[in-house]
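Could you have a look at this structure, given as structure tokens, before my questions?
Lettered A, B, C, D and E in written order, each chain numbered from 1.
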Amino acid sequence: MLTLSSIDAYYGQSQALHGVSFDVAEGEILALLGRNGAGKTTTLRAIMGLNRVARGVVRFDGRVISGLPTHKIARAGVTLVPETRDAFSLLSVEENIRLGYRTGSPYTVERLLEMFPIIREFRLKKGGELSGGQQQLMVMARGLAMGPKLLLLDEPSQGLAPIMVNAVAEVLSALRRDRLTVILVEQNLRMALDVADRVVILEDGVAVDALSRAAALADPARVEKHLAVH
Amino acid sequence: MAEPVTVLEAIELTKRFGKNTVVDGVSLKFPEGRLHAILGPNGAGKTTLFNLLTKDYPVDGGEILLRGERVTRLRPHQISRRGVGRSYQITSVLRELTFFENVWLASYRADHAGAPGLWRDFRAHWATAEKTRQVLAELGLEPFTDRKAADVSYGDQRLLEIAVTLATRPEILLLDEPTSGLSQRESERVKQLILSIKGKFTIIMIEHKMNVVMDISDDVTVMNRGKVIASGSPAQISTDAAVRSAYFGL
Amino acid sequence: MNKNLLALAAVVLLAVVAPMVIPISIANEIIVIAIFAMATNLVIGVAGLYSFGQAMFFGAGAYLTGYSLTAGGLSLVPSILIAIAGAAALAGIVGAVIIRRSGFYFMMLTFAFNQMAFYVVLVWSGVTGGEDGMAGIKRAPVGGLDLNDRSVFYAFCAVLFVASYVILRQIKKSPLGLVLEAAKENPRRMASLGYSVHGAQLAAFMISGAFAGLAGSLYVLLYRFVPIDSISWIMSGNVVFMVVIGGMSSMVGPIMGAAVFVWLQGLFSLLWAQWALLFGLFIIFVVFTLRGGLIELFKRVARIRRAGEAHHG
Amino acid sequence: MTPSGFSRRSVLQALAASGCVAPGFAWAQAAAGDLNIALLSQNSGNFATHGEVVFKGATIALEERGHTILGRKINLLRRDDEGKPAIGVRRLTELVETSQVKFFIGNASSAVGLAESEIAAREKIVQYAGGGSDEFTGARCNPYTFQWSASPYTASSTTLEYVRKAHPNAKRVYTLTVDYAFGHSLLKYTREAAPELGFELAGNDMHPLGERQYTQYFNKALAVKPDVILLLTAGSDFLAAVRQLSSYGLKKVIVAAPWAAELDELKELTPQMRAGLILGLNYHSSINTPVNKAFVAAAAKRYQMLPTYAMAYAYDTFRTIFLAMEKAKSVDSTAVARVMEGMQLDSVHGPTSIDARTHQTNRPYYVCLCKQPDAQKNDQDIADLVFQGDKPQPAALNQCSRT
Amino acid sequence: MNLVAAQIVNGLAIGMLYAVMALGLSIIKGLLNVPNFAHGALFAVGAYVCYTLSTIGAPFAVALIGAFSGAALLGFLIERFGIANLTGGSYLLQVLFLFGTALVIEQILVLIYGTTGVSLVPPAMLGGAMDLGFMFLPRYLVFCALVGAFSIVAVWLLIEKTRIGSSIRAGIERREMVQCLGIDIGTLLTLGFALGAGMAGLAGGIALPLLGANATSGNDMMAIAFVVLVLGGLGSLYGAVAAGILIGVAQSLTTLVAPSASTLLIYVIMTVVLLIGPKGLFGER
């Protein structure tokens, strides 16, 4: 469904991605792992057209989307839920979600309020009045309201209290049941491996490894050595 | 051996943004001459802690002691003049200026306590210019002397960032992810650089690259959700359960 | 170094040649307004503080000179010095109050202070002459020079003009200038290096005020009259546009801006009553073709020439 | 030069004056013995119509004598002062330097005229001013500046005299005054003249120059139930005030303004807004004098329009200057100025004299009553001349220190 | 006491006019981060459109709609062909462009309508004054306040209750994210500018019977509108409305004690407010 072929991308003036290639199949959840600064966020932003793709091509649904303006990529069915949780703080929760809604989306506002019970009670509050976790859920709901064919999720559990992490995990499982195509950037390895079908590991702007969930679970060291402590 | 002197101390430091408490009652002591690493997942509040220590942000609660003096209410440039130098996570080099100018500004500050001069061409402040060239040479950045910062690679900008911080000749050095966004080779260079200055300064460093942290730091503190969850030697930390859980959710 | 001398030579040449090709009073006004524009560039271009209240200092210089010469009964040089000191002091007071505000708020505050100054001058007509302006100003001789002679007065202004250029250019290249340029880009970083950004900006604001005061003072001596326009916000707006049209990257830009503004306005107004239309179109043209201002023209020519030389060499 | 379109000549002139062409060009004309006289008026901005009409008046004065005086060709140099003192001074200085101009007339704005009078005094240039301020003939009088407009004293007293005559029962007068020198002097003279005519000053408000919002003043004024509202304000401030006053639809209150606007400017108001307004004027086309009749006929022939203040000002001042030149048999500005002092002539106002000391033109002031909308014959038929008076400023009130 | 009440009523009406003008500025400043120096010229355009439509016999309501539409169309063109091509340039460049554009618009108005200004008598039913017992209140002032309030409510509904309105609010806060939702930011900015410009034109139309119109008559209003904008606080759309009414009432009340200070007053208020609370009265950013 999505193919990245030898992407070079820049973060400001500095080159953040060096020839990154991978693809995502329809209905698949792909986890993008790597340390801070490895280029995960830049990859998502490059797909979305927010960062310039200097070389290489991004194909989505058979057509080249690299070079298109962001709103056209969005209209083609790609949705980004950024790690910065860009809630519109002056809009109510419901308005936030409605703003994302596009006709024909299977995720109607009503259904989303159903899926995210925790935000249903805040639907008339302003986005800015929510806690970090509530905002995260709201922004995910807003992304889903667009009825995306491909959802880009950037660190949805980052900095959240455990109860909220669980709520995010539940939503991810729901997406998995819906067979939605997702690229998930996640530092929480357990959460990533819970839902992902496949894992791609970035290090210093290079895709250094790609493996299935089974392989990752079988050989955790292979993943962990790129990520942290040891 | 006598206990080393504490040069910088945070007491119950707290910072809130709206409803989110980003730094939540953090108390830490930084002894003189040691390299202290701060770890934690994204959003743990590490950079905010730095911003509080350098007074880039006003403090919502708690105190900061610098060599025993209460500095909680000072302004950023006053903190800087008391010998606290800092580098930023997002490169904050002056992109429109050359390497020379960037480092010169830091050296000049160290040389010159009063108001900046306003007649002689800044390049003609020979002593400062000489020191500037020295710092650039030490970090192997001479070839870039007259290049605009915007025109070089990210890695070289990161090195410039450190050069600028060193040129202020601080006693306490706060490095915010000095290797972020660098390639393996570049971050090895930075690591060697930090090793070479270790011991001359008190260094506090936010870092994600475990190999860097484990190889060079004396003490490690791990933060998560605004709180300190573990402190100790690198070896202790690498096996700490709370840390593994914070990182991997295991 | 070479480039500096070249620019200085060009500025001197301009000052010498101008009165030969255009009416001397217009040439004189151009060099006086150019001092004002250069002073403004220190604040806007170098320090990145969008001041829309520069006429406050120009006008302060103008009225102080007028008052010192008439009611004060002082001679010329002390009057000019009082104007400079007074304008700098006013800039110091206003700056101390508003320098911590940034961007659009700073712009609006400078504008508001300018308006307040204007109304004070308008209402305090016993001293300032109000709407009718301040009259009766004479150019007393200075050290045996008869300044009533147009050419002598022009030379007097030209010397001060070149001196202002040299001083303001030096300030731009001085440590203070570099600190200001750097603070424009990243004030937080400058503070973390230990610089008092507001202190440096306040200094620039005062220096700019002082030179604006000098320009106001010379303007009054040129026309021997203080028009109330000299402190109007329109003057503040105009000088900003001169700086932007001319180009902010060097002190030569504002000089070009002032020359074009004063001269072109006169030319257009002779051609057509609706000259402001031509002027507006000219501004739009500059905005779209020469983003760096008129000074870009020279840079482009230089670039083409360099390219040509490289080609031949 | 017409307001739109360029002619080759105008471009050449412009280039010459601004120094694009060889600098000698501009001097060539004077060297040939021509007389350069200047017209500095507002050609751009809000009162740009003024500049156009002034130019027409000047043209009639020149054409009347075939563009020659004492055997010399007269060149009329026209410059735009934008209605700003600073620009007026700049343009006049430039003219003095490049074209040896020794005679000029100018803007209706006193501020511009007074700024220029400084140069007139210093460079010995005859200025025949048309502004409203009494400073021209008062504190800032000088040997070369003459004043064509009536004294504001004459204006205030004449206007009030008419109100007294037309409305014998009117008693309470509320004044709204613009807060700068011109407004202050009108107020001063109103306070002198009103009690003598049996008016009681019920109140006064000062409004800032450039005020756009007047309803709050009228609320305050109407609260004291005046018989007359006297507007001591001018130009666009006056027009805005009248517009907003008309929105009250007052029937009983008399609205008068001794020195507010000329008929050209009144065109900016609709006939309903200005109906019944009592207005003091420096000139009206129906003045019944031989010179004026000839002038009105010339204007009708040349421009198909009724002359108003601006046109008459330019015509009458240049005509007077030319008469003085003939009398002096010289175009030397000092000689001409000496002749003008105390000169007696027949002007558009009829027999007229110029005060030798103050340089005030002693002439009548006119009061008009604006017509009801249905009584207007055409768009130039705005107001009827109903009264005139010529009470001069009492010597005790004059501040001119010349002897 | 009665006079105080009268001045407050008067101030409310005038303040509403300031509010309409400043709300337009606020939308433009919020979305495009440009101080619209052509706002005064657009005000004049609205006034002239209203005048022209009225003189050819259109009902006053239609003339007001025309005033809005005419200025909005012009705003559309200014953004699409001007400002949109200057993004990435310096802030001052955009300011300079708007300044030049304002000059051009003013001069074109002079070419079309001449330099003598125009006036319009409001329709008969809006003429005259109502006797409220303690004051005479011109009917047109009441109308002015009502239309002002009505148009503010209409804009409020547009911005709060419609999809495009929430896009505008969202766009003011986070341009990038709005694009990620599939909204064309370029079009949104153009529409936002057109809406703001239309508000200026509408204010010009409403003000026509009170202030008349000439090519530069919008500049005085623009200066006040900028003060109102800053006073209300950048980033707060409705701060401008509250501040506009506040300034109108304050100016009106000053007339009772120190009339000649009323112009000075607004700058003093603004300075004091900004120095005490640096973000204006209702600023959120």
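Definition applied: a residue touches a chain if its C-beta (ideal position, glycine included) is under 8 Å from a C-beta of that chain, and two chains touch if they have at least 3 such contacts.
This is a predicted model, so every value here is computed, not measured.
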Identify the chains adjacent to both chain A and chain E in the sense defined at the top.
none
Based on CA centres, what chain would you say lies at the far end from chain B?
D
Of the other chains, whose C-alpha centre is the longest way from the centre of chain C?
A
So how far apart, in whole Å, are chain A and chain C when each is placed at the average of its C-alpha atoms?
53
Mind checking the centre-to-centre distance between chain C and chain E? Centres are C-alpha means, answer in whole Å.
33
Can you check how far apart chain D and chain E are, centre to centre, with Cα atoms defining each centre and the answer in Å?
36
For chain E, residue numbers touching 2 or more other chains are 110-111, 260, 263-264
Show the residues in chain C shared as contacts by 2 or more other chains, in ascending order.
119, 123, 274, 276
Residues of chain A that touch two or more other chains sit at none
Name the touching chain pairs, would you?
A-B, A-E, B-C, C-D, C-E, D-E
Mind pulling up the chain E residues that touch chain A in the complex?
163, 166-167, 169-170, 172-174, 176-177, 179-185, 284
Taking the touch rule as given, give the residues of chain C at its contact with chain E in the complex, in rising order.
44, 50, 97-98, 100-101, 104-105, 107-109, 111-113, 115-116, 119, 123, 233, 237, 240-241, 244-245, 274, 276-277, 279-284, 286-288, 291
So in the complex, the part of chain A that touches chain E is made up of which residues?
48-50, 69-71, 74-75, 79-80, 82, 86, 88-91, 95, 98-100, 102, 142, 146
Seen from chain C, its contact residues with chain D in the complex are 20-26, 29, 119, 122-123, 125, 130-133, 135-136, 150, 223-225, 227-230, 263, 266-267, 269-276
Can you name the residues of chain C that touch chain B in the complex?
170-171, 173-179, 181-182, 185-186, 188-197, 199-200, 203, 207
